[in-house]
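The chains carry the letters A, B, C and D, assigned in the order they are written, with residues numbered from 1 in each.
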Amino acid sequence: MKRVRVAIVGSGFMGGAHLDALRRVERVELGAGKHVVSEKPLTLTSSESAELVRLARDAGVMTAVNFNYRGYPLVQEARDMVSRGALGRLLLVHGHYLQDWLLKETDVNWRIESRLAGASRAIADIGSHWCDLVQFVTGQRITRVFAKLFRAHEERMRDGRPVRIDTEDGACMVIELEGGVVGSLTVSQVSAGRKNRQWLEVDGATAAVSWDQEEPNELWIGHRDRPNESLLKDPSMLSERARAFAHYPAGHPEGYPDGPRNLFDSFYAHVRGEASRPPVFATFEDGHRAVCVVEAALRSDATSGWVNVEYGL
Amino acid sequence: MKRVRVAIVGSGFMGGAHLDALRRVERVELGAGKHVVSEKPLTLTSSESAELVRLARDAGVMTAVNFNYRGYPLVQEARDMVSRGALGRLLLVHGHYLQDWLLKETDVNWRIESRLAGASRAIADIGSHWCDLVQFVTGQRITRVFAKLFRAHEERMRDGRPVRIDTEDGACMVIELEGGVVGSLTVSQVSAGRKNRQWLEVDGATAAVSWDQEEPNELWIGHRDRPNESLLKDPSMLSERARAFAHYPAGHPEGYPDGPRNLFDSFYAHVRGEASRPPVFATFEDGHRAVCVVEAALRSDATSGWVNVEYGL
Amino acid sequence: MKRVRVAIVGSGFMGGAHLDALRRVERVELGAGKHVVSEKPLTLTSSESAELVRLARDAGVMTAVNFNYRGYPLVQEARDMVSRGALGRLLLVHGHYLQDWLLKETDVNWRIESRLAGASRAIADIGSHWCDLVQFVTGQRITRVFAKLFRAHEERMRDGRPVRIDTEDGACMVIELEGGVVGSLTVSQVSAGRKNRQWLEVDGATAAVSWDQEEPNELWIGHRDRPNESLLKDPSMLSERARAFAHYPAGHPEGYPDGPRNLFDSFYAHVRGEASRPPVFATFEDGHRAVCVVEAALRSDATSGWVNVEYGL
Amino acid sequence: MKRVRVAIVGSGFMGGAHLDALRRVERVELGAGKHVVSEKPLTLTSSESAELVRLARDAGVMTAVNFNYRGYPLVQEARDMVSRGALGRLLLVHGHYLQDWLLKETDVNWRIESRLAGASRAIADIGSHWCDLVQFVTGQRITRVFAKLFRAHEERMRDGRPVRIDTEDGACMVIELEGGVVGSLTVSQVSAGRKNRQWLEVDGATAAVSWDQEEPNELWIGHRDRPNESLLKDPSMLSERARAFAHYPAGHPEGYPDGPRNLFDSFYAHVRGEASRPPVFATFEDGHRAVCVVEAALRSDATSGWVNVEYGL
């Protein structure tokens, strides 16, 4: 087994002043020629993320961003279905990412303040996962965004004292993909009863697929002229590539930790030169794209109109 | 039992040249002092619907528009929950109305052509139901609309010949309610496998409700700090008003026809002066409002920006 | 339209002393040459039900028993799938019929006392529906029964006074069909949260079907080597016979009342001689069979062993 | 950290001649004073399992059998609910364990032959899991069993040649718990579309719980007079003990491997003397009990009657 030098940089769980420090760490590691895996968001601004992409290119190393939901076998299967044409021409994408852990005025966290976590909260934190997912599954970039943000609480109570909130608790978004397909996304961290409900539906001219992170071992396949299907995560029914992401027999649920594990496995296979297929994990380019979409959404909300996503690279 | 004079005007199922004729019938019936029940859409333009509202007011008669989905007992229950504060302050509304009966290029119907069915198809035909529902359940009017329409087929084949299509197959919409609550709605008649999936979620500061027309006898109630609930249509658990809409014991499903039946019952109770509560059926005012929302959506798509909904009355 | 003479005899909702009176009515009506529709149970004992069958045969009239759940379109579809071999050789049947309306000690009703409602309660009242359903769908009679009855309350409180209970609140049953297929059935009127959950699964050598009365517009179809299917009640996807039982478009739910309506329609078509296919409603023979199964279940519980079902006719 | 000597003996995945060898290994390890974790089934006969229990007692070591489904947090929660009286007096238990991996005549495996895997297949392999689960959750032993076995194929094809099958493909069972509660269980390895569907419902006088291994992060709680509940695996809503089994936030699914992991963690905590609560993993006593239930089921099928389960220890 080839020895490789990899840096794992966990930024997402700290935030604040630390983010800058972490960026510095990543720059150093890239400079040292290490392959780097970063938590998401890659950075708080697209100029920073663009810089990291360039540094990685210059260093000739592999990079990954932990958009972990790609790592579920049925997400891989959905992507394969789209890319082999099983859905036909794409017509519409839609879904939501809903949580409730910030529902109450007394729910606080380092993420709620823009000076620590950046100008966007709900979109950057969870909406970006959905945007990565829809781009991964369809193979198409988001080119335009319309977003209306909302805030459930103008103030939250931290240690008995009010904190002014300047980040969004959620958003209603309309997007357009590079092929012209339109889509909609609802993001919320204040939807009572929804714990981590990331749901995506892709509707095509011959079939549709629908996937829900809270029941990740089932892929719904919609048909017009025959019964709809429920594809359980059954290795024997998956594409060769998706099957590699399924570790237990049919009916034995893969869980949340299996996603990142699969992406790490895939990353290590690539840095070792043992991978026979293009990477399925998100790279720094993807992480940069996610940052760009978030920025476009904020700008759209501010200007009440469509904003083109400029990737710049 | 008091004898009443009621005209039932079924416009929705004919369309085309007939719609004008039906409008004339309604004008005549109103002029003759009859109470009128109309299919939806009430009219194709808001100036016509405004006129009908004025005629009905002048005639002093009762009116109804068949927004039949209000007639399910759990829709009534959802409205009661909102109005008695069980959800707390409203934060977000979202949902979709998805069908697949117009998925294929060869799917044609009088509704596909604007000269027969009006300038809007998917929004006017099904989106208007959802908009009525969200306004009914929240008790708040839609004040602003952003809409991006899409068309799956620029041409459809009728009798082997191509027909140019100028109405939308669906739309991604963002709305704002009069209280400032934002919402999102996805409308589509080309989503494979979705037959008549009208789904609405209302998220409040203390709880959320979610209802799906395809499983109409269950109301999901989301909570932050305790288990979510599934309220089955059980007369013993419903509000007094919603209970009147439930005809069979718990576990015995109410079906599609029970909705219109309930609305007709309610309408007749009102025209006979036997009703003790405000009407729950949609009136011509509501039908007019629905037409106004559709017009605003078309204008929003054309101008790529928010459009205020002007009700005019 | 041919004029026919039909007697509708509603026994099920009265019980007690009335049941004898109703039997007398049925005898008179049969004697008068009328076609008869009876509520279920047809009678309290198999000797009585056998007599009614003979009277009807002698009178040359048509009979029906209101096993209403046959009337759902997807129950018809399940039967058609079995009969056209879509499931292959049958291997196993299983399911349950669960309610909770008699959960509490204070829940009373005429049905709880054997002198009014017969020696069996839960099996006779709801288990008999399931047994009719499994025989209808598979086309095979139940030939052997093992049953273990249970009682949640030895006494119940009626008007503040204890009533000794001598009928079962539920049962665990094992059955055998004439083709040798085994099955299991759980019956309960004391299962908290289950309102009218009648669920049946039929497992065959090539596929399985599963149907739940509380979500009657969906038929689950299980496969070994391809994704499972969910057949929504979509007229365009049903067999010709099942389609005739579906009154609304796909996605527009049929409800509880549509079942009896379909059976009455079918019955009238038969008495008028307008039916082109064998009847799908239960006849007095089927009603008699249901009574025989109930009696066998009671005998099995008393003797702690298998009991053959003797139909006698 | 205290150093402990533990032997992990994986028998379940080998079978055949190996099982005897593994038993010998376990005897040796016990003799050497090691704590032992064994795959299930513990042994093929109850005399062997009784012997292992005695050896372990004599050695004064801790033992565990990998009844892994106990390791899901919501199984722990269900047990806690029962033991703290949240369900009231128990009235009925029921459920099934269904798979389809042995549906076809050509499906073969070392488990299909009794000389390798023992006289029972479906009951020993999967029914025993359900029986352990129901005993764990209710805290009551199974005292009586009625079982009717069935076989889908009298012969199966291995390498193109027929193999005579003498083990069951499934069974319909009725059980009685020590408190007198009755229950039913359907076991099958030939139910098309069911991959690993282990489902258990426990019905009590005040509430019911229902859990399905294929959607293990949701516990259904049934109520008579208020809406049913769906308890998602949310650490903040679980009992202290169940919470220790949940590793990810609400909405982030625990998967199949988390169950055994939790049981191993618990086992090690016990052998290190660091555990503050009674063990929740299955011990050799439990493993022995499972073997006794399987033997009773076979005897019941052979004698067509109830068989008392004699645990002997």
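Some notes on this structure:
The rule is simple: a residue touches a chain if its C-beta (ideal position, glycine included) is under 8 Å from a C-beta of that chain, and two chains touch if they have at least 3 such contacts.
Keep in mind the model is a prediction, meaning the values are calculated, not measured.
Counted as hops between touching chains, the shortest connection from chain B to chain D is 1.
Chain centres were defined as the mean of their Cα atoms; on that basis the chain farthest from chain C turns out to be A. Between chain A and chain C, two chains of identical sequence, the interface residue sets overlap for the most part, with shared numbers making up over half of the total.
Separation between the centroids of chain C and chain D, computed from CA atoms only, is 35 Å. Centre to centre, using the average C-alpha position, chain A and chain C are separated by 51 Å. As a whole-number value, the distance joining the C-alpha centres of chain A and chain D reads 38 Å. Residue positions of chain A touching 2 or more other chains, listed in rising order: 194, 221, 228, 232.
Within the complex formed with chain B, the residues of chain C that make contact are 99, 101, 194-197, 213-217, 232, 234, 247-258.
Contact residues of chain B toward chain A in the complex are 91-92, 94, 96, 100, 103-104, 146, 148, 150, 152, 169-170, 172-174, 176, 181-186, 188, 190-194, 201, 203-208, 220-224, 228, 304-306. Across the interface of their complex, chain A is touched by residues 221, 225-232, 236-237 of chain C.
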